[in-house]
Structures are given as C-alpha cells and as structure tokens.
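Note that the chains are named A, B and C in the order they appear, and that numbering of residues resets to 1 at the start of each chain.
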C-alpha cells in the first residue's frame, strides 16, 4: 500500500530519537536491572514459601517481571519522546506533511515497540547468561511479541496523554505511576503470595495478566489461555490509548 | 492560489483573528506585516491546516483548508517561526524523513534536489552534523531548504528572517524572489518594514486580528502623505517665505534653524526651493528628503509605531483593505 | 555565616512552599509500600529474624528515602554548575568548602524530612521500635545516610558538571541499598549476594538502624554501622572537596 510509504521512516526516526538519548534508555534497561538484582538476590528466600512455583528460583520469576517493567518503561519513554517533539515543535513538521494522522501515530508506536523489543532481547540474554531457559524456542518468540505489544499499548496511553496535555510535568509523573502499577501486579511476586489489599489490586490490574504471560516462558512454558488473557488486556489498554490519541490530535488542531 | 474569506479564529472570548479577507496569486509575494500578537501566525496556522478556523473559510491551491486538508498539505511548503527541528537529527536525517513524508522515498530526482538545495544554502559540509551544532541562520536555511524539496506551489514563510544577520537575510530574500519567478505563490509574515517593502508585491497590515490596509508597498506609501524636505537653516526666516514658495511647495513648519517643506510631487524641483531660501537671505546648511515608509503607513492606520514602544494614538483611522 | 546563608538558599524552595517536599516523598513511599506489600510473606519463613515484617522493613524504608532524597543534592548542584551560577558563587568571598558543606546540609535536611515521614508512616502501619532512645538511633543513622548520598551526588555533579547525570547519582546509591539485607536478613539472601552484602558498608548501617526495631540496639549492633557511615562520609566528601579544589583551575 503506497499510503504506508512513510511508516518505516517514521518508525526509524521514533526509535532513533529514544536510542540516541541515554536518559531515555536508563528506565528501559537500567531500572529493571536494579529491580532484578534487588529482588532476585534480596528476596531469594521467597522460593521456600508454599505458593511459589516449585522447582524454580527467584531469578526465574523476576526475569518475567523485569521484562514487563522494561516494556512499560519503553511505553512511558514513548510519551516523554512525544512531549519532546511537542516542545521543539517537531510535531508541526509531521502534521504539515500529507501523511495521514493515523500513520504518524503508528510510526511513533512502531518505534516504541522496537524499544520494547530491545528490552526483551537484552533481558533474555541476561536470563540466558544467568542460567534461566525458556521452555521452548517458540516461547521466546511469543515473549518478544508480547514485550513489543506491551510497549505499544502502554505507549499509546502515554502518547495520548502527551498530545492532550502537552505538559512535560504531567508525562513525567507517568513514570513513577507506571512503576507502581507494575509493582502492584504479579510482576515480582506470584499472586498466591500477595495478601490483601494488594491481591485485590493485582486482580483488577490489567498488567497482572500481561505479567502472567511474560512469566510463563521462564516458569513452566507458555499456555494459550494465559497468552490470550494477556492479549485481551493489551487490546483493552491499546484501545484506551488509541481513543486518547485520536481525541488528543483532534484537540490539538481544534485548539 | 490562496483565498480567505472572513477567516476567523477565537479562543474563548478572545478574537485572535477577526475575519480576514485575502487573496494571493501564483508568481506573487504577499507580505503580512504586523507587530507581535497581531494575528499573523494564527492566520498562517489556519491556512496551513495546523489550526481549525472558528469562522469564515479559506482555500489553498484550490482546496478547502478544513475539508481537503490533506490535499492542501501536498501542495504547500512551510517554514514556521519556531523552527520545528529536532536538534538531535542531522540535516541528512531530516531530508530523508521529509522525502518519506512526501512519498518521495524512491524519487531520485527529489533526493538530488534536496542535496543540491542543502549545498546551495551553504549546508553541504554539515549535513551529517546534528542541528544542535547549527547557528540560527543555518537552521533557518535548512528549514527553507526542506520546505522546497517537494516543489510546493504555495509557500508559507512565517517570519523567515527573524533573528538573522543581514547576509543570511539577503540570501533568503534572493531565494524567495527566485521562487516567485518560478510561479510560486509566497505568503510571508514579517515584523520588519524593510522586508515587506523590498520583497513583497502586495502588503497587508494586520493589527489586533484585523487587516487595516492592503496594497502594493508603493501605493500604500503614496497614501501615507507627501515626501518632506527638511532643511537646516541659518539666518532669520522671513514671514513671506511661504508665499515665495507657493508655486513650488508648501512650507509646513519652521523652527529655530529648521524648516520643513512638503513636496506635493516626487519630482519637485529641490534646487529651485533652495534658491528661494537663499534669495530670502537664508543660508541652507543641510537638508534631507523624507519619503513616506510603510512605518508611516502603519502609524497612519493604527496610531502606533510598528517596532519599539507604543505611542498614544492621536486618531485611529481604520481603513479596510 | 556563609554556610548558613548558602544552606538557606539551597532550601529556598522548601521555605517558600513546604509542599515542595512532596515530590521527594513520592518515590520512597511507593517503593516502601510495595516492598512491604509484596514481600510481607517472607516473615513466614521459620529462619526469618522476626515475624513482624513491617518493623523489619521500616528502617530500610527510612534509609532508602534518605538515599534517594540525599542524592538529589547533586541534581541541584549540577544545575548550578551548568547555568554558570556556581561560577558566580565561586567569585564571591566564600570558602569553597562552604559551598560543598552547605549543599550537603541542605540535602541532609531534606532527607531528614523524608526519613521522619517514612517513620511516621511505618508506625501508623504497625511498626514497633523497642524504645524512644533506640528510635533516635535509627533515625540518626538513616539521616546520616542521606548525607552520604548527598556527598556522592555532589561528587558526580562536580565530575560531570550537569544535572543530567541524575541516573549516575541515584543508581549506585540504590544498588548499594539493595545489595544488602534490604528485605531479608543476610543469611536468607541469595548465595551470590551474601559475600557482596558482607563487604557492602550499607549492610552494616542498615543492620545498625534495624536493631532498634527488632531486639533493641546494643553497642555491638551499633558500632559497625557508625564506623561504616563515618568512613563513607569521609571518603565521599574528601573526594568531592578534591574535585572542587580543582574546579576551573
């Protein structure tokens, strides 16, 4: 389709914008690494408790949670990159082109997806180096797909907020908020080991279902049911994000 | 090429642009002259589809700016006042992206044209450096080069020379004249009198969201009154001097060692006027002819000066152009 | 006198708007609540030193808050260097050491506010220290860690000359905190972590600050923490002072 001509260039630009700034990479790679070290080392004894997946170590569990954190951070960085584009008015250059608005957004989100994928690959390598193995090779592919989609879905929300508010401070607050949402899911501790009210929060937190699917390749192997639940959760987040983006873009032109 | 009828934009109760009519043809440079906050940029943003009008209508290259916005965007080149450049990107990156955004990824001629433009604008040696390292002049030239790559029929330049040194300004003016010669319609906003005067075929003066007067620079200046001859004199000015000058010019005012004479036509015989002074026993030590400028036009129509501090309005004449 | 004036300048935002302290509190509070919530079951283990996880983790929350807020000193300092304000201060008849000390004190005061907030939150959630004297020791050690983190932040700011180095100011502080008995006693850490925790000076500090919440502070539980914190302060501020003495020379 000739209409999608600009998409690769937009995605490349979006990915390069984030990859060229260390302050954008730190939340995607450095922050989850700190969590991985802290939780897999500091809370290693959790594996002795009933309710923890038998036969696995804390590192095996943490790696999935860190991948979720990395993907969500990639999404947040997408929103921050959008704010940078609004601040330097680069967005006007894009909006002045004849490329349909939807494609401009897709280009931005594809770049965010690539950043999410980068986190997936880096943390899979770390997992391999420290002895974790996915149950099947195909599990790894599903993991990468989910990782990229998580970044895209979360990124659509943060991009929507960026377009709507145009305020760096608002988008910056999404960073700690997103970390909290990841922590209040099953990312770092299995649901069976969470007490209320945390367990209830985790049950209603869509990231819990994504986290469950990201854990599976390292703990027991991918199952269709969990993967489908994750995809549904991501679709819901993505729809919210798409609605937010569409409304925000209209708002931007109508002023 | 550009038509606007009663084009308006309100923000709540504030009317940023209050019903602007304008028309620009191909091969014409049209300048929008006005102080900061007059509504110039708001008008441009509506015409280039970045902002939806709240009243009136406009078309560019025959397409409605609201209903056929994508068709408009295909045919325009735009440089905005705030440069909309990502400082981490290089000129080469920006050119590649620009080609892709205009569906010219596989168009070798367009790519070559882009590279030539960058060369011509003195950016050939820095295409691989991030924009961060560029001076303001280089950034403005890069912005203009990018706006021209896809050969737009209509060009919108929002204060294209603000903050530039005279040499860079001349280079941009030269290129804009060339574009006119090639048949493009150029819509330019500026707060520099000289720019509008030197470059534009037609000028609209906008103030507080309304066009107060429009016409060619020459015509506008002609409406702002006659040229004045200001003389520095020595010796007492006789009371009959005005009468002696009658057939040549009108003596407007006299002061301590000065006299101002209004010339009713540009070809006034200045030598004859000076002879009249000498015959009356007055020595003329110096003189200066003051021709009306667009600044005078602005002052006459708004009661304020365009640049610098605002002066109280003695009388505000509003002439719709 | 100049130290006092400069310290007041470093805390100007807090004096004009006490709400300015809120951003300092957000990250430490959530990290503490998350640790409390998600690792609470660790105390169910037979060999865990207590079955009161809240009391166990509150001192960590306090030390963590001090570390995060303290390292922020470097961000402001880096900004002053980048904007040139720092060079103007250097032109004034002020001893260079005063610039460093005042920035350190301002950050430590901010850290102390965060520590007290975390303590009150912990007490509200059911943490029980063994006595008021003991409690003061915990708070003092946590605040001292705020001064340590500020020293590191100032060192990085002087080395890099920019506030953009914030991740380098904060990440090592957080790593030092979690490469020790943060969520569980040393003997329950992962095998690879135990030797690291043994040499990590923050482990000693954390254990000394934690004792008052478990079985009560003793001289033997306290002195290793005091020695660690003194050593860290000495090394970091000496290094920062050395960089400052070479600044623009």
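Throughout what follows, contacts are C-beta pairs under 8 Å (C-beta built on N, C-alpha and C of every residue); 3 or more make two chains touch, one makes a residue touch a chain.
Quick caveat, the model's predicted, so the values are computed rather than measured.
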Q: Just say which it is for the chain contacts: an open line, a closed ring, a star, complete, or other.
A: line
Q) Which chain is the middle one, judged by CA centres? A) A
Q: Measure off the straight-line distance from the CA centroid of chain B to the CA centroid of chain C, and report it in whole Å.
A: 59
Q) Hey, how far is the Cα centre of chain A from the one of chain C, in Å? A) 30
Q: Take the average of all CA coordinates in chain A, do the same for chain B, and state the distance between these two points in whole angstrom.
A: 49
(Q) If a residue has to touch 2 or more other chains to count, which residues of chain A qualify? (A) none
Q: Provide the residue numbers of chain B that touch chain A in the complex, in ascending order.
A: 9, 11, 48-52, 70, 73-74, 76, 78, 80, 82-89, 93, 96-98, 100-103, 105
**Q.** Residue ranges of chain A in contact with chain C within the complex
**A.** 22-23, 26, 30, 34, 37-46, 48-49, 51, 58-59, 176, 179-180, 183-184, 188-189, 193-195, 198
Q. Which residues of chain A touch chain B in their complex?
A. 2, 5-6, 8-10, 13, 16-17, 20-21, 85, 88-100, 253-255
Q) Hey, which residues of chain C end up touching chain A in the complex? A) 26-27, 30, 34, 37-42, 44-45, 48, 164, 167, 171, 174-175, 178-184, 188-193
